[in-house]
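Each of the two complexes below includes chain A, the first together with chain B, the second together with chain C.
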Partner chain A sequence: MTGRLLVAAAAAAIAVAPLVASTYHVLLMLPFMAYAVVLLGLNLLFGYAGLVSFGHALFIGIGAYTGAFLTSHCKIRSLEVILIAAAALGALVAAPVGALCVRYVKIYFGMLTLAFGMVFHTFVLKFYRLTGGDEGTPFLRPSLLGRSLEAMPKIDYLVGPYYYYSLAVLVLATLCMWRIVHSPFGLCLKTIRDNPAKAETLGIGVTRYRFHAFVISAVYAAVGGALLGPPIGNVDPTLAYWTHSGNIVFMTLLGGFTSFFGPVVGAFVFIYLQHWVMSVVPYWRLIFGAILAAIVIFAPGGLLGLLTPRRAAVRL
Partner chain B sequence: MILVAEGLRKLYGEFCALDGVSLGVAAGEFVSIIGPNGAGKSTLINILTGLTPPSAGTVRFKEREIHGLGPVRLARLGMARSFQLVHIFPDLTVLETLQAAVVARLGRGTRLFASLARDRDVQREALEVAELFRLSDKLGALARHLPQGDKKLLDVASAFALRPEIILLDEPTSGVSTADKTAVMETLVGASRRIGLQAIIQVEHDMDIVFAYSDRIIALHQGKVLADGAPSSIQADQRVIDTVIGRRGRAR
Partner chain C sequence: MSQHVVNVLLSGVFHASILFLVAAGLQVIFGVQKIFNLACGSFYALGAYVGVSAVGWYTAAGGPPALFIVPLALAGLAVGAVGLVVERGLLSFVYERDETFQLLLTFAVVLMMEDAIRLTWGTAPRSTAGLYLVYGQTHLLGATVPVYNLIVIAASLAIAVAIGWLLTRTTFGRIVRATADNREMAAALGVDLRRVYAKVFTLGTALGTLGGALVIPATAAMSEMGIELIVEAFAVVVIGGLGSMRGAFVGALVVGILRSIAISTYPELEMLLIYLIVITVLVLRPRGLFGGAAV
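On to the complex of A and B.
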């Protein structure tokens, strides 16, 4: 009950933020909401299926580039169409990549996903005519629910309609993921995370479930990637770079992969902490490295794991 | 015969773990496999359950060759097993563990948006199995927090939750205190009657348990069948006494 109240309070705080918070802070909420969508999906793979992907920037990149390509080259501005196309393309690419990767576990799975991520990064870097190479491709302002909103100043657009659109997508993504992890499918994933050999003797097809989890997580990453585009305005290969994959794994660990909302909290803390540290010292990666080490050593369940130490021991 | 093995041979390098083992298990039988350490008992169970491929020979379950089927399809065909070392889902509760087995049996694992908590069939069956195995008062406990005996029970209970036709148990009372062994076996036999299990094959070292519950005993020695028969004939077999049972009636 307390948990539900906290979630409701957090949702209400996010909803009223544009009315009470500064534009700077409201703008920071946009990447937070986009990453929260990505991480809900990533954690289906990480926290529920026990597979750590170091290549999910690939799917963020697919989502972001889909939006950039559609708005810049196809004159398609509808964000609904962009999100559906991003999700579909994410699933399409995840199918063959996942089919291969989920046959492996632990470091081999991680390295394979990393390899595919690097292949995609090179692709977007080198196929200049399609992606704009290192300069990237503009992500033109998308229309929301059929409304063009071109005349609106960019900041007003982002902290107004786009903010609430992102929030609606996040809420929808959260509700869907909540149902997934509390479904029979979610339970089967947890058995595979805990003991795949035992799961198989119960008739649970390990590879098949891992594959489904991989594709779902890729769809979430692609949708989140598409949401990241409009605030940035230009999609470039750094979105698909492997360090970006590392960042989202960091966010998941920071908030805690053992709880449903842990990664969402991780995204929030990461983004605000990053901007704050960057404003204070130029060596933000040094500070974040120390934080990551401290979390792994002292709080393997992340920030929310400190509050709900249900699975204190980390075994992946 | 529900399960038939013919000419099973298993080589690990030059070591021959099983050498020409043949057996058949009929519906209604409780078969115990006994033998000293290294006799090939666990290897035999692993081959019979499709976990390990034999170097030679065949295994047929319900008239079907099991080679290449794998544990998932065998479970769906009606074969369940438990392991010598406890196999549990450490971070799942007792109820979740049993629910998982029922979900798998009912083929509902691909239901992405269905509510597990509202699935009455899954709830009912999971609670029934928990009651059969006296785990009803521990439904919310994480498996890793259970005492060793309850972990073993949960492992076996999850196999029973599949409502299999045959179950293969690798030392179901290992790690259980001597005082609790009979209770575990009584629970197991009682549960097998309730779910209509057709056959049980167990590997067991405790000869009191073996002779008290088995319809038939197969004694293995150095990868070969030393004797195969009713408990009375096995008890009187001098070769089995010398190599497996020992004078004091214990294998260890």
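On to the complex of A and C.
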């Protein structure tokens, strides 16, 4: 019960943030909400299916480039269309990639996803005419719910309508993921993670379940990636680089991959801490590397794992 | 025409000999400790920067330019000691954990090392100005090649032979192979795993830092060189097979030469071609060309 209250309180806090917090902090909430969507999906693979992808930046890139391409080249500005197209394209790419990747687990799964991620990165980097190469493609301001908000000043647009739109997407994504992990499908995934051989003998199609989890997580990453675009206004290949994939795994671990909301907390702490550290010293990687090392060694359950010490031992 | 082919091949083999050193470091660590060391690229970058500094001091101290390769190689090897620090200070805490955590710990090293290099050497590229051609150039089958490239190729071959000798002909090598095969059994027979791990990780690191130091006269040290090289080294070990030294050798040749051919004929394809080969290998033969039962 306290858990629900906490979540409701957090959602309410996010909802009133634009009214009380400074513009700087409100703007930081936008990447947080986008990453939260990505990480909800990533954790279906990481926390629930036990597969660590080092290539999910591929799907973030697909979502972001879909939006940039539609707004810049196709004159389609509707964010609803963009999100649906990003999700569809994410699923379309994830189907063959996932079919190949989920045949392997552990280190081989990680390596294969990394390789696919780098294929996409090289593609967007080299095919200049289509993607703008390393300069990227502009992500023009999308219209929300059919209303063009072109006349609005950029900051007002971002902290107003776009903020609540992102929040709505995040809430919807959270509710869907909550249903997914508490469905028989989610339970089967956990069984597969804990004991694949037993799951197989119980009649669970191990590879098929992993494949579905992969595609769902890719759709989440693509939708989150599309949400990342408008605040930046430009989409470039670093979004699809392998270190970006590493960073989102880092966020998941930071919050705690063993709990449902851990990744969301991880995204929040990562974004705010990163901006705070960067405002003090430019060397955020040095500090974040040390934080990651400390988490891996001392607190593999992440921040939420620290808060609930009596939880069962971390396993993966 | 033949001159062009020889040029492309030789630059490919030069790149391959550097890649082999880094990939060999990756392989020996994976083979024994089952850790996929993402930080191998960072060690490579570290070796490059330390090499530049060492050569800088050497030149400033008035050492003869023709011998610059001595301080370069020594500095590259010596900074491999950082591997011991990483192994004892970080990795030794997570040997009992899932390999995902070990992978993430090496990613933490990647993050830290990138900024540590920026903090120490700044963001501007560093190079050993003018020493690349100190040994002159030679003509080989109609093509003009810097002698330095040939020296590095020869050194890399010599190191390959030395590693082969170390692993197959010495007591240390027998212990290492036994540990790679079955660590519980090795421990039961009295092998001190802590010492073996510390030595192996340091050896793997030193191979990477040496590779970085040796490449530096031919190019410039940049802070991103590490995270860029890791994906190439990764391609090498996947093609060759994780944990196999022969695999590292053949994989490095394949990646080095293909990259060189792609750059000279159709630059857009450069790494795309290599990743596609990697995926083909992973899908058709996940153990790579030479990966045995060790995985």
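Everything below uses one rule, namely that the second predicted complex is superposed on the first by the 308 of 316 C-alpha atoms of A that agree within 3 Å, B and C clash if a C-alpha of one lies under 4 Å from a C-alpha of the other, contacts with A are read in each partner's own complex, and residues count from 1 in each chain.
In this section, a contact is a pair of C-beta atoms (placed from the backbone, for glycine too) under 8 Å apart; a residue touches a chain by one contact, two chains touch by 3 or more.
Not measured: the values here are computed from a predicted model.
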| item | value |
| --- | --- |
| Which of chain B and chain C A:W242 touches, first, second, both or neither | second |
| First (chain B), second (chain C), both or neither touched by A:Y108 | second |
| First, second, both or neither for A:H182, with chain B first and chain C second | first |
| Greater chain A contact set [chain C / chain B] | C |
| Which of chain B and chain C A:L292 touches, first, second, both or neither | second |
| First, second, both or neither for A:G3, with chain B first and chain C second | neither |
| Contacts of A:Y283 with chain B and chain C, given as first, second, both or neither | second |
| Touched partner set for A:K126, first chain B, second chain C, both or neither | second |
| Chain B versus chain C as contact partner of A:V52, first or second or both or neither | second |
| Set intersection of chain A contacts, chain C complex versus chain B complex | 315 |
| Residues of chain B touching chain A in the complex | 49, 70-73, 75-76, 80-81, 83, 87-92, 96-97, 99-101, 103-105, 108-117, 119, 122, 142, 155, 158-159, 162 |
| Residue numbers on chain C that touch chain A, as the complex places them | 36, 38, 90, 93-94, 97-101, 103-105, 107-116, 118-119, 227, 231, 234-235, 238, 242, 267-272, 275-276, 278-279, 282-283, 286 |
| Chain C contact footprint on chain A (complex, rising order) | 52, 54, 100, 104, 106-108, 110-112, 114-116, 118-119, 122-123, 126-127, 242-243, 246, 249-250, 253, 283-286, 288-290, 292-293, 296-297, 300, 315-316 |
| Sites on chain A touched by chain B in the complex | 176, 179-180, 182-188, 190-191, 193-195, 197-206, 209, 212, 310-311, 315 |
